[in-house]
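If you scroll down you'll find the structure; I have some questions about it.
Chain naming follows the written order as A, B and C, and within any one chain the residues start at number 1.
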Amino acid sequence: MANVTAATEAGRTPALRRRPGPGREAIYAYLTLLPVLLVVAAFSLYPILYAAYLSLHKELLTDPGDHHFVGFGNYVDVFHSFYLVDSVTSTLVFVLMSVPAVMVFGLLVALLLNQAFAGAGILRVAVLLPWALPPVVSGIIWRWILNDDYGVLNSILRQLSIVHYAIPWLSNPQLARVALVFAQVWHEGPLAAIFLLAGLRAIPAETYGAARVDGAGWWAIFRHITLPLLRAPLLLVLIYETIVAAVTFDLVYIMTGGGPANATALVSWFAYTEVFKFVNLGNGSALAFLIAAALLVIILGYLRALRVESNR
Amino acid sequence: MTSARRKLLQKGGLWAATVVVLFFVLAPMLWILDSSFQGENELLTRPSHLLPQQPTVGNFDYIFTGAIPRSFEVTGTLRSRISQEAREVPQALENSIIVAVAVTIANAVLGALAAYSFARLRFAGKTLAFNFLLGSRLLPAIAVAIPYYAIINAANLLDTYTGLILVDLTFTLPFTVWFLRDHFRALPEEIEEAALIDGCGRLQVLFRIVLPLAAPGLVAAGAFAFMFSYNEFLFALLLTQTIKSQTLPVILASVATNPDASLALTAASVVLAMVPPLLFALGFQRFLARGLVAALGRT
Amino acid sequence: MKDLENLTAELAGGRLSRREFVQRVVGLGLSGTAAFALMEACGQGSQSSGSIQLSFVTWSYGVSTIQDNIKKFQSSHKNVQIQFQDFAWTNYHDTMVARFTGKTPTDICYSSDHWLSEWAAARWITPLSSGFSDLTSYKSDYFPYVLQGMTYQGKLYGIPYYADTWAFLYNQDHLQRAGISTPPQTWEELTQQALEIKSKGIANYPVLLLFSQSDPGSIEVWESMVFSRQDGHLFDDNLNPVFNRAGSAAAKVIDWIRDAMNNARIMDPASLTSEEIPVVKAMASGAHTFTILETYNQAELNKSGSGPFAGKFKMAPMPGETHNTVGYVRFYAVTDQLTRRPPDVQKAADQFLQYFGGKVNGTFSPVVVRWAVENGLGFGWKSLWDDQQVRTAFSQWGDPDMLRRNQELARIKEGLTKYFPDWDVFTRAELQKAYLGQTSTQAALDAMAEKWKSLKQGNS
């Protein structure tokens, strides 16, 4: 998020006039910031330093006598771990499938919601609902629906004679990945839609009017007016959804538990596993820092790509 | 093609798309609602009954009164397993709402105060403080799970609302501050200037002028904070110990995955858990959309 | 540490306020966590003259029964106050890791053979010392797997809460309709019977197994299938892998599963994501004929009201040459924290353990009998099978002699070391890759052996 703001800030001219005189206003400012900074600092500075310390020491709970400094040994362990390739692959596959799916869903629904017809009103109320539910609930619902013995989806497909035998949605590695993306779109798509709708609403009506006078078709309007003007909200959704997808945990934990054959075991699942199953706090913290670093690189990459394009 | 026919076709297409999206969005929730009125036996029949053939409120009755549903009826000395945790859903509902409301209010008050200063005032260390707030959210939550547990434990706040509220605040405040700051900046500065010249303090300006103007944004930020704390699972799991403070996601996970889980009671519990966020989303969706429009309007 | 002890003594003696204490401890360079943990310990210590507080932690199963047991215990031990907490089974281990790491006061808790090495090595739980002499005298009455499951490095760590075995269960109604009179004796026979049932359209996938990667039971089912075969071992006496040798029992098991799932199509591919509850529900719905489950699930399946086939679920010895299977024990463990509490608290803990898992006045405590009779939970005691009340209760849904025989055939999981969890997580995924045909059987077993060797070396 930080960098989104930094970017938008950089792209803008400085605010108008500022009232001079630091004294009282600065004190007021510090007082108002204090509670927020205190809470956030207490729960981020200390934990981050603590986690950094753990990541540089041997912290294996089953070896309580030994906490020696290992330098970057834990990071090396993570790079040599059995799960790195599998989990990075699974995470990339999940991000590359779910983020575009969420964005396309969000954009289509937003365009629909932006139309002047009665259906838009109904849809606008309904579409937000899945997003309001805890991911745990989404996971429970989808796992149940997709169960091959008593799940309702297979039941319907069989009654309609579309399939003869139940489809094991969550037991086939490829299908399980797709199922997870479905659940993710269901849960995250609504927010993307509302965000993009807000972006669409912010486009002044005159912009379209001028284009229509010029005789442009809907595709030309969409391609040359709507899409470029939606760039900022799209980028925001893109970054937000990338982060959400890359650290998805609850949904996977409930729906597939990482299986089958690690097809849905994402890196966040292994960060959890290192700490709570292998009780290796050192490796777990190292992995968490690596995930954070990767996220940072991705976000900076997005922003750079955007800047390059806007300079073209 | 005549323009009237074209319009009709267009309208038909829009409605068809709406129905498809509505089905995708609503069907899973409706199926759970439907299931919550079926008995355990009926849920296990194949093919599934799309509508309950022997509708029952027994599952809800059990959650609120402890009366064992008919489908679990005792025969012999052994009764079919039943998720006893389901009985804790009402209390967990209360806990979740208390925590979420407290986090929401704290976000609105503390977040607005800080965001306004970030939006309008000049002071040393501003950029640093702001980037620190947002940067604090980059580390995956799992990385700080054990440190969080240690802090909350050391402060004697395990199994309390306060502990949960503090942690939820850490996750929500940075977003609220960022969101409101941009929101405040988008407001015309002239009115504030005039009020300041009239001798109003910054605090008065904030409460009398800025907040009324920014109400939709405030509601949107509050809604995000509410949803986040209502839905948060990992830390609620680690930091709560008893039903004194356990929130709904914790109890739901327990109902759904314990060895004595029953599908019917899971469905009824999920339905109850869905009520507050759905009411919330329904009640505030207009503000939410408006708040977002206002926040993004300047881009 | 000397300074700290002095400080603690000062606090306990009332010479220091809690605030001063914390300040000075922090001054000593200790983390706040340790300081508060110490304070907690002191707080409890000073209360011991009045009523004794014991903290007892379990997973959430039969919570109202546990609460009732606690009430009864407290009414006969007026000076003892039990602080009871329960956590969902699926999250229990992880919650306890946070709890032990954060030094949250805990005196007695449920544990499992699965975690014993880890918890003992981390010094979270402690062997039953001389203070618990009676509890260590029951050893000869436990089934062998029960004793093994509570023993780490030659020391006994607890007293059973329950002790079950993995059992081969089948739907008798399906067998009858297919004209099959006796359940399969070997895995090959199972394949034939399943094909017969499939061809008659009774069940499309007659076999459903609990193989979900997220369910710890999946490795137990797999090991029980290995044990049931000739030379069914994973490791030699020095914990060196033997499962990757050509023609090993483990290789045969994987080959059988691959064939059942991909060629004969008698095993539901959904097995790979089926956890315990979905397996039980699917069996109850009559969708499948054969499965492997903990025996208490036979009780669940046969209770009237659990589905159209209630009463039809029977148990047979695990197919294979040896019929061996996996048994496990969940037990009451004593935490390391308890050893630092005053003698009267430890004495109360001893009484508590006797009441909850042992004997009172020479006969089995009501709690032990109750879990067996009311909930159908397996137990660790050989002589409890002589109790008529218990036999009657188990006869309602199963065959007591068959259940007992399975316990005699049961062995504890092989490979239970402090690094077993790492190998377990690795192995579950590796096995699934082999079942799905993503890797060959031998490649999967070699990878598992490599992983084991490196873990063993890294932990020596």
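As a convention for this text, a contact is a pair of C-beta atoms (placed from the backbone, for glycine too) under 8 Å apart; a residue touches a chain by one contact, two chains touch by 3 or more.
Everything numeric in this text was worked out from a predicted model, so none of it was measured.
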| task | Give the label of the chain whose average Cα location is farthest from that of chain B. | result | C
| Chain pair with the higher count of C-beta pairs in contact (B-C, A-B) | A-B
| Length of the line joining the C-alpha centres of chain B and chain C, rounded to whole Å | 36
| task | Please report how many Å separate the Cα centroid of chain A from that of chain B, as a whole number. | result | 17
| task | Any chance you could list the residues of chain C touching two or more other chains? | result | 98, 101, 275, 281, 285, 287
| What parts of chain B, by residue number, touch at least two of the other chains? | 44, 46, 145-146, 150-151, 253, 257, 263
| query | If you look at chain A, which of its residues touch at least two other chains? | reply | 149-150, 275, 281
| field | Partner chain B, residues of chain A touching it in the complex | value | 1-2, 5-6, 8, 15-16, 18-19, 22, 25-26, 28-30, 32-33, 35-37, 39-44, 46-48, 50-51, 54, 108-109, 112, 115, 117, 119-120, 122-137, 140-142, 144-145, 149-152, 155-156, 158-159, 186, 190, 194-195, 197-199, 201-202, 232-233, 236, 247, 249-250, 254, 268, 271-272, 275, 281, 284-285, 288-289, 291-292, 295-296
| field | Of all residues in chain B, those that touch chain C in their complex | value | 40-41, 44-46, 71-73, 75-81, 84-85, 145-146, 149-151, 153-156, 158, 237-238, 241-242, 250, 253-254, 257-261, 263
| message | Applying the document's contact rule, which stretches of chain C touch chain A when the two form their complex? | response | 93-94, 97-98, 100-101, 117-118, 121-123, 204, 212-215, 268-275, 278, 281-282, 285, 287-288, 418-419, 421-422, 425-426, 428-429, 432-433, 435-436, 438, 451, 459
| Contact footprint of chain A on chain B as seen in their complex | 11, 14-15, 17-18, 21-22, 24-26, 28-29, 31-32, 35, 43-44, 46-48, 50, 110-111, 113-114, 116-118, 121-124, 126, 129-148, 150-151, 166-167, 169-170, 173-175, 177-178, 182, 185, 189, 196, 201-203, 227, 230-231, 233-234, 248-249, 252-253, 256-257, 263, 266, 270, 273-274, 277-278, 280-282, 285, 288-289, 292-293, 295-299
| Residues of chain C touching chain B in the complex | 31-33, 35-37, 60-64, 85, 87-91, 95, 98, 101-104, 275-277, 281, 284-285, 287, 299-300, 303-308, 373-376, 393, 396-397
